[in-house]
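All chains are identified by letter, namely A, B and C, in their written order; residue positions are counted from 1 within each chain.
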Amino acid sequence: MRRFLDLADFERDEVSALLQLARRLEKSPEPQALAGKILGLLFLNPSLRTLASMQAGMARLGGSSFVITPGQGTWQLETKLGAVMNGVAAEHIREGIPVLASYCDALGIRAFADCKDLAYDLAETNFTAMAELVDKPLINLESAATHPCQALADWKTMDDLQVSQHGRFVLSWAYHPRALPLAVPAAAVHMAAMRGMDVVVLRPEGFALPPAVMAKARRAAAQSGGSVRETADRRDALEGANIIYAKEWGSTSCYGDTAGDAKLRAELLGWCVRNDWFTNTAPDCRLMHCLPVRRNTAVADEVLDSPRSIVQREAFNRLVVQTAVLYEMLIGKC
Amino acid sequence: MRRFLDLADFERDEVSALLQLARRLEKSPEPQALAGKILGLLFLNPSLRTLASMQAGMARLGGSSFVITPGQGTWQLETKLGAVMNGVAAEHIREGIPVLASYCDALGIRAFADCKDLAYDLAETNFTAMAELVDKPLINLESAATHPCQALADWKTMDDLQVSQHGRFVLSWAYHPRALPLAVPAAAVHMAAMRGMDVVVLRPEGFALPPAVMAKARRAAAQSGGSVRETADRRDALEGANIIYAKEWGSTSCYGDTAGDAKLRAELLGWCVRNDWFTNTAPDCRLMHCLPVRRNTAVADEVLDSPRSIVQREAFNRLVVQTAVLYEMLIGKC
Amino acid sequence: MRRFLDLADFERDEVSALLQLARRLEKSPEPQALAGKILGLLFLNPSLRTLASMQAGMARLGGSSFVITPGQGTWQLETKLGAVMNGVAAEHIREGIPVLASYCDALGIRAFADCKDLAYDLAETNFTAMAELVDKPLINLESAATHPCQALADWKTMDDLQVSQHGRFVLSWAYHPRALPLAVPAAAVHMAAMRGMDVVVLRPEGFALPPAVMAKARRAAAQSGGSVRETADRRDALEGANIIYAKEWGSTSCYGDTAGDAKLRAELLGWCVRNDWFTNTAPDCRLMHCLPVRRNTAVADEVLDSPRSIVQREAFNRLVVQTAVLYEMLIGKC
């Protein structure tokens, strides 16, 4: 495996093999497997889990890593092709990225959506421009439109808890003070569909996932025997749900329009996941969230602090599955 | 040892054993002792020595580490329980800290005092809230009210220089442009008392250490055969002193009151340690300081650049004793 | 080798031996050579290549490193001797640097020119003050007046491409929105002269390299059989050139005078390296640049994206030569 950019690039049995490798390494660590190997990490956006777990994953396998954070000890990087660079950015990705790749055995890149132009973001314009410059194994640490490390960790988390492959998975929009990118909801809906689940996207008007995102999930569902639909009706969505996957994202009906988005979300403070969402609909439903989560804004304390929440296991599984991705990328066949 | 949070949590012979282990590892390094182990480091405040020496300590023992710095590549962390998180902090410690702990074998946390409410800070309210979330070995890298790594390094530094266990240890307030936390002075006075020394706290009016801090030191002195008193009379304090431990801290009489503190300290520019402090009182007295120190503000060049100063050895001993703490925490009995 | 501060500190055959070691380690890595060794890295200025390649170099040899970045997780460091430290800097280099040195086996320091007083900068006043405080092997990661890691990488890059030792090397000034330090141009002109090349410094009026820089290069040329001259005539300079080494630097005729410098450079937007510079003068001339480079400001896309550009190899050679420097410093004779 040379690239881990999108779960959709893999067949279902390839994902199963990665998850099996992850479980094997979780049980039987191989602390020398990547001795002498170096992972380069380029963070164009902030991180806690990804930053810590990628370094920890390399270390667990005996390798090492370096971190580059433009704007924090490193100059800003320009991404636009043809730019006349007389502004703040001192270096172009066309130099910076191949140079970093030349210093390591695998590179991870985090580059969030610009959140200005939906088509531009969904096309992964920026990430693709960067990926084309990398001639080493490459890991997507969250791009404009997907987050495969998170998706794989989420899949394993449901396996760990023996959530049925055909169970109901509700991706629910949740309130946040500002518009956030679509990468995680897009990755989650695709992952659950690929896993074979009965996927329901629960979101208010104006926040429907883009048709391309839904179509991709439906294609995965068609192959796996799952299904994908969307609704704004909470009771309908949660009825019998096994998982609620809470996530904040920006309005798609006025994408890139800060004022329009703010107006829409001002009415949506009630979209903070609370215990009463589950009464009489899905008493045993578990809460997933990729983190970070704003307490009492997106999800209430009463949910996060209850056994319903499996966000800690989800976050821990980031380390577990990334260890498998690194292993597979750097030393071969699982 | 699962936690290294406060020197007061240990018996005197446990401290002796740690110091003996530190001396042993200093003389006979064990470069593979912590192979495969990972230390997580969470810095909620700036650092030079702690940041470098914790990483160096792990590396000296064959382990590795990762560093998370909220506000610098990682989002701000909310610490308040029950907070409605619609402000700048994107993640709560209730998620962030257990997640980081799950990625490592031991966690170190630095979290300075808020310096608003004395009782809140002395109760270690913030640090305790964080510590309760950690199910791994945990090291205090400076909390609101103590700094055990510094205290242990200071103890060893005096042992190295054969300063008598019953010698006179003067903790002297020193000038600084702003109010600093009480963690280091509180740790130093307790450490010296626990070591059995004749401890004098020399400070101007308005800067007396809190009664709880003095009482804790007195309890330690009662056990060790030492003594603890305070004074504003420099000549009295320094008479026959073996050690002057200079430290800047905020007014306790108007704690959290920036204007009141500033008014008090405006009169105290003379509290910059100079050579003439020692003439006729304590010619052989050594200067200790935890660093960073503001030259010619808290301590004069003439003192820092003279053989009187042992601040470099103190700082080096941070590495030496922390190596022992990590060793003891991660592989067992000393 | 205890110090790697300036290529001029070495004899030509010492440089040759280092380059030979670099080639040997490039071909036959020694992944355990520096097991247990620690490199401290102090960055007083931003970096991408240096930051990543120094860490990667240590890791390639089995060692580890820590990074300290004042102003980013670490307090600001004061450099002025005798300073009364009541401003923003919390720590003086006289404490901070020896402390960091005591935590590692070798220290690297990056400290750019202040760009206020030319004589001060050319005398390496700041870097020398820091170097005097380090009792461990020390590497200059770019100081006010030189950048020996870059110079050594550049030398190797020309060797790799079999550029004649007596070929023509044109150091050409290039446009940048602001005045940049002289470290790289000074290092490049000396390196090329020491290599024996026919060195031409091509620069507009007001940007002549300082006499001391030219004299140092001429002394190196005298020993190696090379030559050094300067001109403002591009056609004359490039005629038959093998290498154009583009670099931005500040006006020396009004050094430290931001307004004066800006006025001069406002007329110089044409100093952006383009393909037509080479037509009829030096069709096979290669482009070198230390990076970061501002595209379409200092060098045009058409040049950077053509086979003429060897900037990627140059940057990769940073890792290769630094690995040799670390190896030689930390385990001995090459």
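Please note the rule applied: a contact is a pair of C-beta atoms (placed from the backbone, for glycine too) under 8 Å apart; a residue touches a chain by one contact, two chains touch by 3 or more.
Model, not experiment: these values are computed from the prediction.
Participant: What's the rotation, in steps of 5°, that superposes chain B's Cα atoms on chain C?
Facilitator: The two chains, chain B and chain C, differ by a rotation of 120 degrees.
Participant: Please state whether the interface between chain A and chain B is built from the same residues or different ones, using more than half shared residue numbers as the mark of same.
Facilitator: Counting which numbers both chains contribute, under half are shared, so the two copies meet through different residues.
Participant: In whole angstrom, how far does the Cα centroid of chain A sit from the Cα centroid of chain B?
Facilitator: Centre separation, chain A to chain B: 40 Å.
Participant: Which positions in chain C touch two or more other chains at once?
Facilitator: Residues 64, 72.
Participant: Tell me, which parts of chain A touch chain C in their complex?
Facilitator: Within the complex, chain A contacts chain C at residues 35-36, 38, 40, 64, 66, 68, 70, 72-75, 78, 82-86, 90-92, 94-96, 98-100, 102-104.
Participant: Quick check on the complex: what are the chain B residues that touch chain C?
Facilitator: 29, 31, 43, 46-49, 51-53, 55-56, 59-60, 62, 64, 67, 69, 72, 177, 291-297, 301, 304-305, 311-312, 315-316, 319
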